[in-house]
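The following pair of complexes shares a single chain, subunit A, combined with subunit B in the former and subunit C in the latter.
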Partner chain A sequence: MRVAIQSSPMTLDANTSSTPADYWDMVRLLSLVGDNLVGIDAEGRPQPALANAWQEDSTARHWQFTLRHGVNFHDGTPASASAIALILGPLHPDWNVRATSAAADSLTIDTEASAPTLLAELALPRNLILAHNAAGLPIGTSPFRIADYQPGKLLKLAAVEDSWSGRPFLDAIEIEFGKSLRDQAVALELGRADVIATAPRSANASPRMRTSSSMSLPVELMALVFAPNSKAQDVRLRQALALSIDRKPIQSVLLKGAAEPTASILPNWMTGYSAAFSAQANVQRAKALLADSRPPALTLSYDPRDPQAQLIAERIALNAREAGITVQVSLSGPDDIRLVRIPLPTPDPALALREAARQLSLSPPVLHGKSVEDLFQAEHGLLEDSSVIPLFHLPVASAASPRVHGWAPDRLGGWNLADVWLENSR
Partner chain B sequence: MKTDAHIARYNQRNRQMESRSETVLRLGLFVSFLLASLFFPSLLVASNFGDTARQLADRIAVASGPGTVELEVTNRSSLDDKSVREVRSALQSQLRVRGVSAAAADQSVGTVAVVLSESLREYVWTAEITIGSDAPRVVLVSLPRALPTTLLTSALPITLKKTFLFSQEQPILDAALVDTSGGAISAGTHLLVLDPTRIAVYRQQSGHWELEASLATQHARNFPRDVRGRLLLRRDHLFDAYLPGTICRSSNTSPLTLNCVASDDPWPLTPTEKDENGLSPVRAFYAPARNFFTGALSPGIGKISTVPSFYSAAALPRSSYTLWVLAAADGTIHMIDGITDQAVRGARWGSDQAAVHSTCGTGMQLLVTGGGDMNRDTYRDNDDRENNRDTLRAFEIPDRDPIAASSLLEFDGPIAALWPDASLTSAVAIVKHADTGWYEANRISITCAN
Partner chain C sequence: MSFRQKLLLLFAITILLCVTVMSVSVYGTMRRSFEQANQDRANSVAAQFRSEFQRRGEDVARKVESIAASETVQRIALEINRGVSPASADASGYLGEARTLAAQQQLDFLELVDHQGNILSSAQWQAKFGYPEPAITPATGPADSRAFLKREELPNGPTLGLFAIRAASIGEQPLFVVGGERLDQGFLSTLDIPAGTRVLLYQNLDSNWNPQSLLDLNGAAAGADRIAPLIEKVRSTGQETQGVIHWTADSADAEVFHALPLTGPNEPLMGILLVGSSRRPLIELQRRIISAAMLVGGLGLLVAVLASLWFAARVTRPVVSLAEAARRVAAGDLSAKVDVESSDELGELAASFNRMTEDLLQQKDRAVQAERVAAWRELARRLAHELKNPLFPLQVTVENLMRAKEKSPELFEEVFHESTATLLAEINNLKTIVARFSEFSRMPQPRRRPTQVNEVLRSLLRVFHAQLQDKSGITVQTDLDAALPAIQADPDLLHRALSNLVLNAIDAMPQGGTLTLHTTALANGEVKDRVAISVSDTGAGLTPEECERLFTPYYTTKQHGTGLGLAIVQSVVSDHGGKISVESTKEKGTTFRIELPA
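Let's look at the complex of A and B:
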């Protein structure tokens, strides 16, 4: 199978991604090689992976995991509790990760603070259980092992015959790096690629003939983030800017109808309450907020690697002008506002909120319980001073050629290539 | 007899597990919501929704205080209009009890904007309360979402009847009923359920299955990704279970125990211990790291001891020979009479089939899973290849040409396994429900339409 991706990773490391596209590419690559201790489904329910049972104490500080028997790393060494502790421990200096006893199948994690989202955290791509060989390449327990890696160019994976989750149907996967979305689409059309990433588009858009496309739930957030030293220190100015933005035209034209306008950090499929954060533009209210002030001119920057970002930024500047706020779109000099796009790496809403806050440089959310109302209050607290203006939730999309069978990407954007097979291999 | 050459192809079986297209995914969700709306909401309004409306009214009343408000209810969830009206009505009456009455905007001191929404897990109802010039306040409540129900199906000349037996989240490989009285499930009937880790023994008690024993299936080597398994009832002990590279045998005394050994011995292709001539049934070697039979037979079918690798086989007895129908791993159907092997291409059948006795037609029908009936090429052209349903149809094969004998019996997900039962009068179809992801065991029997 031939796969084309946009990014050109020089190292295979989940923590080196700089853009959401890089992030999804790396997650998809590494998930082919490694497994997590536990998984998580779209509804946030933990699923067995390398651990097939676990229990926590009443404080959620002491966790014990029972590991699956007979799992080996690709180099043949057992994926024992001590081996996994050696991988997870350094990733989390604030956790005490250790093999519970002489038994190879029991792992303990102790945390200083209560960790009710620990299972979801263990399911994050950055917590894949990956050892490394002498060349620094990851060695995992998944159905594919790395057969060849040419940094920035190519990755070849080979099927693992005795994988604990069953031998994959494919014999090998060849992943070509550095292909733009346009090049990927052309490669798919010409039969030079079997699976590619695509730009999300509305369900009403005419589908590309003979290919099978797939779109995830919205798993990215696009937002405006005010810099700490922004000239927009007045909360009313930030609120006025938020009220001035008409998200609908941006969604339907620039984002091809695929995005969901939002004023919340977490998407509605995760929380169900996003309607409580109004995303309606209200220029009159925006003007009223600024009635007694002369707002300073603001500079808005964007990620030049994001093909839609510039047009969206310019549209926001136009909206702002209607409310009496001068916003200049620029990539040079210090910025007051940044247009950012971040991945929401987990379907667990509490953890997703924490991860989003970290990526948006906000204070960690304060959660007093596990209920939806607790979550709402925590998110409301993060957005109260309008230092972040959520704009859209976006899905990620991919496509497969007609000869790919069993293609069923998960709702979170994962590819599940171990269950795929190719028609002409029959 | 197994060689690498026999294990050259390794794919998902042909059971409509094709790619998930966005359109069908949305359509599937819509149908699920529609079904949920059709069958559940009114019932739920009477119970859970009523409680939830009361909770929301409590919180609104605390935030607003007593008085008259304009109440707006907006539905952004999968609830149908009738349910929404009932929720609104329940909310109004609960608010009234708490001193908050609904009225037109010009007679109100404020507004309460309720949004009925949902996440993947829960219904979430929010209320934004704005009283006078105060800043709006938001309160919310939630309750778990219900699962959608399934569609019923009908059939024509021969009628296929589907009887739900059991469901669980873990994959079911096979299921077998024991101690049925005349085929009916009654108190005391036992159900064996084979999954990749265990064989569970259930006993029918007061209308539901109670777990009586759980026997772990020990196996030395990892099972393949598309693991398959077979339960066969026996006379001198309760059952044998065949799993890839492993054969398990139950004890013949109580308490029931299970002994599993690593074995590449061939699997019986028919559930009976002797064929109609008193001979041992045809057995086939199963590729322990794959999802198909290698094609090596022992004993063979007449003079034929090697056939193409195949997913399933069914025996149709004739007066002087037995016709075997094989679903080969390359997508072809083979008809083997002991002397000749006739390949049928383009039959568009799925990979599972089972022969079942009946009192209709020729007395023996072949049940075949979908795979071609849904015209996969059409789906492909429409970027719409994923079909969340699968089908089963009965065929008669008077000579070598299959004739459809029933209409399609539809399932809300792909059929993961289809095996004939010990009496050969019905089959067990294991279906992976497309919406819930749970596995369902169904008994498939045949009744004559007229």
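Let's look at the complex of A and C:
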């Protein structure tokens, strides 16, 4: 199978991703090579992976995992509790990860504070159980192993015959790096690629060929983030800007209907209360907020690698002008506002909110309980000063050529290539 | 100032005036020519701009028409009319269409606008979809089918463009294509601009003056603020205007700008075309003219001076000769002649002058001879008169002697004694008369030495003391200046002169009166360099005619005077470098005043 991706990773490390596209590319690549200790489904329910059972104490500080039997790394070494502890431990210095002395298939994790979201955290891509060989390449336990890696250019994976989840249908996967979305689409069209990442578009958009397209749940947040030294120190100006943005045309035209306009950090599918944060534009109210002030001109920057970002930024500037706010879209000089897109790496809302706050440089959310109300209050607290203006929740999309069968990407954007096969393939 | 200098000055001023008038005239003509040339150039560039504007407008219109007829636009128009793409839902499908079409037709601006005037796709600002396009209103559609100027909003600010609108009408809902090109420095670079001329374009995009909107061939024009007043004038009046912009202190660096308003479809001022013509050629020519004028003026002046010197000399030489001769005549030289050979008025004047001097000379000779004769006659009359008086007693006495001898010899002895006494007395009288004449003829030269005038007067009064005592009724008053300086004078001659005056005064007051002697020092500035002596009487006084002839020798108002007394006084005063004058009022008296240098 030939896969084309947009990013050109020089190292295979989930923590080096700089953009959401890079993040998703890297997550998809590494997920082909490694497994998590615990998985999580779209509903946020933990799923067995390398651990097939687990137990927590009443304080959620002491966790004990029972590992699956007979799982080996690609180099043949067993994926024992001690081996997994050697991988997880350095990733979490504040955890005490160790093999349980009584049994070789038992792993214990102790945390200093209560960790009710530990399972969701273990399911994060950055917690994939990946050892590294002498060349520094990741060695995992999944059905594919790295056969060849040319940094920034190419990655070849080969099927693992004795994988614990069974041998994949595919013998090999060749992943070509650095293909733009357009090039990927062309490669898919011309049969030079079997699976690609695509720009999400609404279901109304008519595909030009019989490709299998899939779109995840909205797992990305697009938002405006005010810089700490922004000229928009007046909260009324930030609120006015938030009120001036008409998200609907951006969603329907620039994002081709694939995004969900939002004013919340977490998507509605994750919390159910997103509609409580109004995303309606109200230019009159925005003007009223600025009635007795002369707002300074603001500079809005965006990620130039994001093909949609410039147009969205310009549209926001247009909207802002309607409300009497001058926003200059620029990539040079210090910016007052950044248009950012961040991945929401987990369906667990509490963990997702914490991850989002970290990526948006916000203070960690204050959660007083596990209820939806607690979550709402925590998110409302993060957005209260309007230093972040959520705009859209976006899905990630993929497409497969007609000769790919069994193609069923999961709802969180991952690729399950272990279960697909190719027409005319051996 | 001499006549020659005046003549010279007149010539110089005349030439200077001529050169100045000629220079001003030439400069004025040249300036008008340049201004006309500048106007012609500005009109030419403006006409060229309009022609290029029209050509580019037609070009834009053609391109827009081509786009409107393109398959893409027709497809979109069809989709809109079929309702395939309701309003904003699937404008995403058209998002990049305008940019692609604009690139194909090399247009800077292109927008696809629906029948409601909302942008479906924008090449210049893709994010502007859904916003209304002001050039198209739902009620009227496009305002003008020709190309027109329009302000276009862009992400980095407004700009000015030359636009055309065409509609793709498929079904009831037309799809408008609004395309255009930038009207900026690129447009200016297509103009064929004459040498010495440059073209600027002001994009009137802001309510206030914006220097960044003034463009030349290289972008934002330098020194925009200096042109601001001209632009503001056009902005306020909307009329073509012109002005001179001085870039530096050197006036040659100035430019004449013609500012032409560029308006949009409904006459709003969209831009201003500024055609600038350098004033350097004009100023340099002006400087050359001024230099030439100064050179010509200077040379002319020099030539004028030389020519006028020659001419004035030629013209004024007879006048100068006349003036010189006149001065000689005035000085008493009646032999002065003017040597003029010309036959003009000056020659006639000179001849008349010569004749006049000859006549004067002859009259003078005649007058001298007459005066001499008169003097001799006066002298003879005086002599006869003076001699006649003693001669008659002599004759009578001698006749008495002779008669006594013949008729009364006994008395002869007695008569003889009496007669001889009488004869001797009369002979003495005759001798006295002769001595006076002799004395006048032998007036000695003064022997000067420091002399106190007051002392001379006091001495004089002592001499006359006895005589004044005898003449009762004459009172002597003296008013002598104690600070009178000593003068260089001959005291004897001075005594003699003053004696004559005192004698005359005494004679003038037979009935008594007051004789006043007065001296005072006269100063020239602070230095007392003269003395004044007055001798006054309160006698019968003199008539003006008498005063006038008083110092004439042998003239006297007395019954027995010789007329030599005052002549002697005047001679003495004159020999001392002084002067004498007389003031007299009839019946009140006479004052003689003498001034002598110290």
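We adopt the following convention: the second predicted complex is superposed on the first by the 424 of 426 C-alpha atoms of A that agree within 3 Å, B and C clash if a C-alpha of one lies under 4 Å from a C-alpha of the other, contacts with A are read in each partner's own complex, and residues count from 1 in each chain.
What we mean here is this: a residue touches a chain if its C-beta (ideal position, glycine included) is under 8 Å from a C-beta of that chain, and two chains touch if they have at least 3 such contacts.
Note that the structure is a prediction, hence the values are computed from the model and not measured.
Trainee: Kindly say whether there is room for both subunit B and subunit C on subunit A in the superposition, answering fit or clash.
Mentor: Once subunit A is superposed (C-alpha atoms), there is room for both subunit B and subunit C without a clash.
Trainee: Which partner chains sit in contact with A:337 here, subunit B, subunit C, both or neither? Use first/second/both/neither.
Mentor: It touches nothing on subunit B or subunit C.
Trainee: On the A-aligned overlay, A:314 touches which partner chain: subunit B = first, subunit C = second, or both, or neither?
Mentor: second
Trainee: Just to be sure I read the superposition right, which of the two partners does A:109 touch: subunit B = first, subunit C = second, or both, or neither?
Mentor: Neither partner.
Trainee: Should A:49 be classified as contacting the first partner (subunit B), the second (subunit C), both, or neither?
Mentor: After superposition on chain A, A:49 lies in contact with neither partner.
Trainee: Considering only the touch criterion stated at the top, classify A:14 as touching first (subunit B), second (subunit C), both, or neither.
Mentor: A:14 sits against neither subunit B nor subunit C.
Trainee: Who does A:271 touch here: subunit B (first), subunit C (second), both, or neither?
Mentor: Touch status of A:271: first partner only.
Trainee: Contact-wise, after the overlay, does A:249 reach subunit B, subunit C, both or neither (first, second, both, neither)?
Mentor: A:249 contacts subunit C only, not subunit B.
Trainee: For the combined three-chain view, what is the angle at the C-alpha centre of subunit A formed with the C-alpha centres of subunit B and subunit C, to the nearest 10°?
Mentor: After fitting both complexes on chain A, the angle is 150 degrees.
Trainee: Subunit A residues in contact: does subunit B have more, or subunit C?
Mentor: The partner with more contacted residues on subunit A is B.
Trainee: Counting only touches as set out at the top, which of subunit B and subunit C does A:168 meet: first, second, both, neither?
Mentor: first
Trainee: How far apart, in whole Å, are the nearest Cα atoms of subunit B and subunit C in the superposition?
Mentor: Nearest C-alpha atoms of the two chains are 18 Å apart.
Trainee: Taking the stated contact definition, name every residue in subunit A that is touched by subunit B in one complex and by subunit C in the other, in rising order.
Mentor: none
Trainee: Per the contact definition, I'd like the list of subunit A residues that touch subunit B in the complex.
Mentor: That would be residues 42-44, 70, 143, 161-169, 203, 207-215, 217, 268-276, 347, 371-373, 376, 380, 400, 402, 404-409, 418-419, 421, 425-426 of subunit A.
Trainee: Mind pulling up the subunit A residues that touch subunit C in the complex?
Mentor: For subunit A paired with subunit C, touching residues are 204, 248-249, 252-254, 256-257, 311-315, 317-318, 328-329.
Trainee: Using the touch rule from the top, collect the residues of subunit B that touch subunit A in their complex.
Mentor: For this pair, the touching residues of subunit B are 9-12, 17-23, 25-26, 74, 76, 115, 117-124, 126, 128, 138-142, 221-227, 289-290, 329-331, 380-386.
Trainee: What residues of subunit C sit close enough to touch subunit A in their complex?
Mentor: Touch list, subunit C to subunit A: 88-92, 95, 125-131, 155-156.
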